[in-house]
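Given below, in the form of structure tokens, are the structures.
One chain, chain A, links the two complexes that follow: it is found with chain B in the first and with chain C in the second.
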Partner chain A sequence: MTKKPMKRNLRNNLVGWSFLSIWAIGFILFMAYPLILSFYYSLSKVTLSGEGIIVDFIWFENYRQIFSSAAGFSFLQSVRDFAFEILFKVPIITVFAIIIAVLLNQKMKLRGLFRAVYFLPVIIASGPVINQLISQGAATIPLVEESGLIDLINSTFTESLAKPIANIFSELIVILWVSGVQILVFIAALQKIDRSTYEAAMIDGAGPWESFWKITMPALKSMVTVSIIFTIINLATFSENDAILHIKNNMFALDTGFGFSSAVAWIYFIALALILGVAMFAIRLFTKDKVRR
Partner chain B sequence: MKKHSKFQGTKINPSRFHPSQIRYLVILTPVVMFMLLPLLYIFNHAFKPLEELFYYPPRFIVERPTLANFTRLFQVTGTSGIPMSRYFFNSVIVTVLVLVASVLISTMAGYALSKLNFKGKKAMNEINTLSLMFVGIAVTIPRYLIVEQLGLIDNFFVHVLPYLAVPVGLFLIKQFVDQIPNELIDASRVDGANEWQIYTKIILPLIKPAIATIVILSFQTVWNSADTSTTYINNDLLKTFAFYMNTLTANTNAVAGQGMAAAASLIMFLPNLIIFIVMQSKVMDTMAHSGIK
Partner chain C sequence: MMRITTKQKIKHILIGKNPSEGLIGRIAIYGLLIIIGFVYLYPLIKMFVYSIKDLEDLVNPTVDWIPTKLYLENYRTSWIVLNYGKTLFFSLLVTLVPAIFQTITTSLTGYALAKFKMRGRVIVFGLILMTYLVPSQVYMIPKFVLFDKFGILESAWSIILPASFGQGLSSAIFILIFYQFFRMQPIALDESAEIDGANPYQIFMRIGVPLALPAYLTSFLFSFVWYWNETYISSLFLGTNLYTLQLRLFNFSSQFSLAQGLSQQAVNEAIKYSATILIILPVLVVYIIMQKWFVEGIDRTGVTGE
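After this line comes the complex of A and B, so read on.
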């Protein structure tokens, strides 16, 4: 593009911000400002009393407490468990979603119905329904537990590895239930591929396996990133997540309170940002490798 | 199979069955069973007599269906002062307002962040992605303070406002707008369309799947949320249906409450299902029409 005159720039800024303005105001009021306040609280001792909220600034005392007290320790442990969980679940969910999306993109009888059913978990997995299912133990496959598979996992892996792996098997159904949006995102990307590309590849002698890696996967690449971000966030902000329960429980607890709870939330936030950063870095490495070949 | 693809590019279901489709159906059908399990469970659970509710491991199918849970639920309903229809009406209004406003706001913002050039765009994108990771529950108290300062306590709109600037919605919308080819927008700009026309005539129709997804997702959040009622509203007349359902089941004794909770969650769940059925055809109704390959 050539260099634009100043006036054009001003106009662009004006148009851009007017489209964004309502969202930006809402975001500042109900997201950004509360975030800043909560950071301030994380550096304070917050007491809720009849007359209002009493805030004593105590610097990093809350953070120090997280790394030294029992409540903080069990929180850190749940963050560690969550990181392991992510490590296993994100690839499983992504691969599963890609496979299902590719299948649902084939021409076949009842395709509309199948697509609807695979998207159905979206209304189950993020609602209170799933909490009820999990709390009643209906979200695990009884077969998995009874077949002794869990015992086998416990005996073959070290303790820190066995727990997340066992979790994955007992939560297999839940994994299927949380991939609705990811499947949708991949189907949307698949539909942008022109079918004649496959036909041309086939004429040139490419098998389905080669077509998948050379045509399908490159088209899905940007959506893999989206799906991974969405999966991590979806799992991380899931209301039954252990770390979130810690934030919730400490909020009105007498000995810790909202200041401590805010500090916990901020540490969780930083941990998630790190996890996402690592995931993005891994994706970039992986795709670079592909190009070189 | 390939022979028909030219004619059926925009249809979801091909009209003819072909043996080559069997391999896809063989893989997809068993997983469909898993996907439908939660639905089966919710419906059956609500009709279970007391002793069946406590089976361990839980069963999916009810053996002796009964309406007792529902009659008990409505008996409790009868004794409290405010009619149930009032809460229901409140929830309907709140949900409709949130859906309309949040779709408008997040699509406008998504268009701006994806296709318009203006100062601060990159920063806003980063900020939104980062705030995705912050757990909503951690800002409960700061949000309360802001709502209080704005004088919105016991104001009906406090049910609506916090849901208008939701980072996840914008994130998904933006990904879909990114998929729209720039050539399409440039072409219409050459033809004399202004930004608003591009937004309404090109962007909105092309991201229907994303809009439908956002509608389904935010319907659930808003419809099922009792948080705003508990935190910001003291006046019983302004509280929502979800809050009402929660209090009903929370106030009775634990054993009988289980059955009522099951019935209540079925009643709460049905609107989710209806919205899903209405919207899902649009979700899956492809981006295939986008014009440029």
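After this line comes the complex of A and C, so read on.
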């Protein structure tokens, strides 16, 4: 009898790793080396010349520079701004996506058409059109900028707070554009719920509010995590993100170069990991008393 | 008495048993969905309107939303510049194939992490998140060097192989979606199947996959769209001889001057927009086909009284 759990444990390990094996082989083949090399570059002075790549190992000099040079300082500032931006955007996007997903999951006329329209941001936001849209001003509300709302915000809040708040108003429609994926993820999760569950709950006297918190939210709960991770990383690695621009611009800059740029990327990685960690902690705190299975 | 019932009737029509069923609720919901939907449709409508304008309409400031005539020549032009027929085939090759294999592999990975508490699970989780968090710009050059050693540069393999091994575009988010989906599935189903003598792989195929169908659909769709829209990796790995539709759009102006028989013309917004619409169209078609597969209540199977 004591032998059985051991055997089961071993079997669990073997079967689990067999499911995981393709990913593991892929990671070793395609990912491990580039990641390690990029980390090595971050500890080096890298010169890209006609003859190839010249690498001088200089320990943590690049990292020291991030915290002591002007280029590094402006990067750190953009990370701080990004963290503030996230603080406002992530909750708005998540709540918005949940509401739209629930509405689109209802029985309604022309549901197929509506869902097709709400898939458009998924196509457009990841394509070349989005940059065109933003540059042409189709993605911002001119009204918001003209009405003096921005000035009002600037005068009421401190500088570090006013900027992200003003951004949110001027980027309200941009927020709509980056919510497409999250909406679809939530719709997918809603497919797990059988409509008769709602009917049964209604017969038992549950109102729509209760049904939402007791039936809908538990099904969506796990996807909230996915949605938040996606939102953060999607915004963080967006090609026009300030921090990403720092990484790109420093790559071929004469004074800083590829090594410095790699170090910046690794610091950015650590910053993002911290932001994610805080977000996960917040979700846990929030869902603990709100949604109970 | 009569009055009260009419009042109740009106109230019933306006508000309903459930706020979302009454007239007021309906109008509010449709209103909201239509307004936001319009925001999404607006650029597409604008692009379409522009794409059917001829040069005259384009420079005429009085012609804004309604062109004076339906001018389809722009589509013909951009069809030629994009080399549509041939490029579409290659685009589908480096979009459909990676999307299908990426979905399969990430589902296996998500299933492993959700159902088996094996050793090294936490490390694997960390590595998956790491590949997602580290900005890709920084390991692209090392990757380029590596792929050169493998000899898969300048071929479709440079896109297909990493995707098939779960190291493709945003693989991590797909793994997370599958992980959460498989984790939500009732263990009771797996256990009863095990008692009936099914092995873990049969359980995965017969119970895991069917119950996670919406996750498969969404993952495939995202993967498809993202590979379709991707230009950064493909321009780096495919070299100068292989083109996807997006790459051709990216270099539209230079492609335009290279295309034969168009030298007397100049690129204008109308032609560019018609090209953009031609590129969005296949993705929309795929979505509309796939959308029908979204079925509700997939958890109905079996388990009761949980």
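Just so it is clear, the second predicted complex is superposed on the first by the 256 of 293 C-alpha atoms of A that agree within 3 Å, B and C clash if a C-alpha of one lies under 4 Å from a C-alpha of the other, contacts with A are read in each partner's own complex, and residues count from 1 in each chain.
Here, a contact is a pair of C-beta atoms (placed from the backbone, for glycine too) under 8 Å apart; a residue touches a chain by one contact, two chains touch by 3 or more.
Model, not experiment: these values are computed from the prediction.
With the two structures aligned on chain A, chain B clashes with chain C.
By the touch criterion defined above, A:Phe114 lies against chain B and chain C together after alignment on the C-alpha atoms of chain A.
In the superposed model, A:Lys7 lies in contact with neither chain B nor chain C.
When both complexes are overlaid on chain A, the residue A:Glu199 reaches chain B alone and has no touch with chain C. When both complexes are overlaid on chain A, the residue A:Pro208 reaches chain C alone and has no touch with chain B. By the touch criterion stated above, A:Pro34 is placed in contact with chain B and with chain C alike. Of the residues of chain A, those at positions 12-13, 15-17, 19-20, 22-24, 26-27, 29-31, 33-35, 37-38, 41, 100, 103-104, 106, 108, 112, 114-124, 126-129, 133, 138, 173, 176-177, 181, 184-185, 187-189, 191-192, 194-195, 222-223, 226, 229-230, 233, 236-237, 239, 244, 247-248, 251, 258, 261-262, 265-266, 268-269, 272-273, 276 touch chain B in one of the two structures and chain C in the other. Remark: chain A residues 12-17, 19-20, 22-24, 26-27, 29-35, 37-38, 41, 46, 53, 100, 103-104, 106-112, 114-124, 126-130, 132-133, 136-138, 142, 173, 176-177, 181, 184-185, 187-189, 191-192, 194-195, 199, 222-223, 226, 229-230, 233, 236-237, 239, 244, 247-248, 251, 258, 261-262, 265-266, 268-269, 272-273, 276 touch chain B in the complex. Within the complex, the chain B residues that touch chain A are 1-2, 4-5, 8-9, 12-14, 17, 21, 24-25, 27-28, 31-32, 34-39, 41-42, 56-58, 60, 105-106, 108-109, 111-113, 116-121, 124, 127-143, 145-146, 150, 161-162, 164-165, 167-168, 170-172, 175-176, 178-179, 195, 199, 209, 213, 216-217, 220-221, 224, 261, 265, 268-269, 272-273, 275-277, 280-281, 283-284, 286-288, 290, 293. Contact residues of chain A toward chain C in the complex are 12-13, 15-17, 19-20, 22-27, 29-31, 33-35, 37-38, 41, 100, 103-106, 108, 112, 114-124, 126-129, 133, 138, 173, 176-177, 181, 184-185, 187-196, 202, 207-208, 219, 222-223, 225-226, 229-230, 233, 236-237, 239, 244, 247-248, 251, 258, 261-262, 265-266, 268-269, 272-273, 276.
Put simply, chain C touches chain A in their complex at residues 17-20, 29-30, 32-33, 36-37, 39-44, 46-47, 105-106, 108-109, 111-113, 115-119, 121, 124, 127-143, 145-146, 161-162, 164-167, 173, 175-177, 180-181, 183-184, 200, 204, 211, 213-215, 217-218, 221-222, 225-226, 229, 231-232, 246, 249-250, 276, 279-280, 283-284, 287-288, 291, 294-300.
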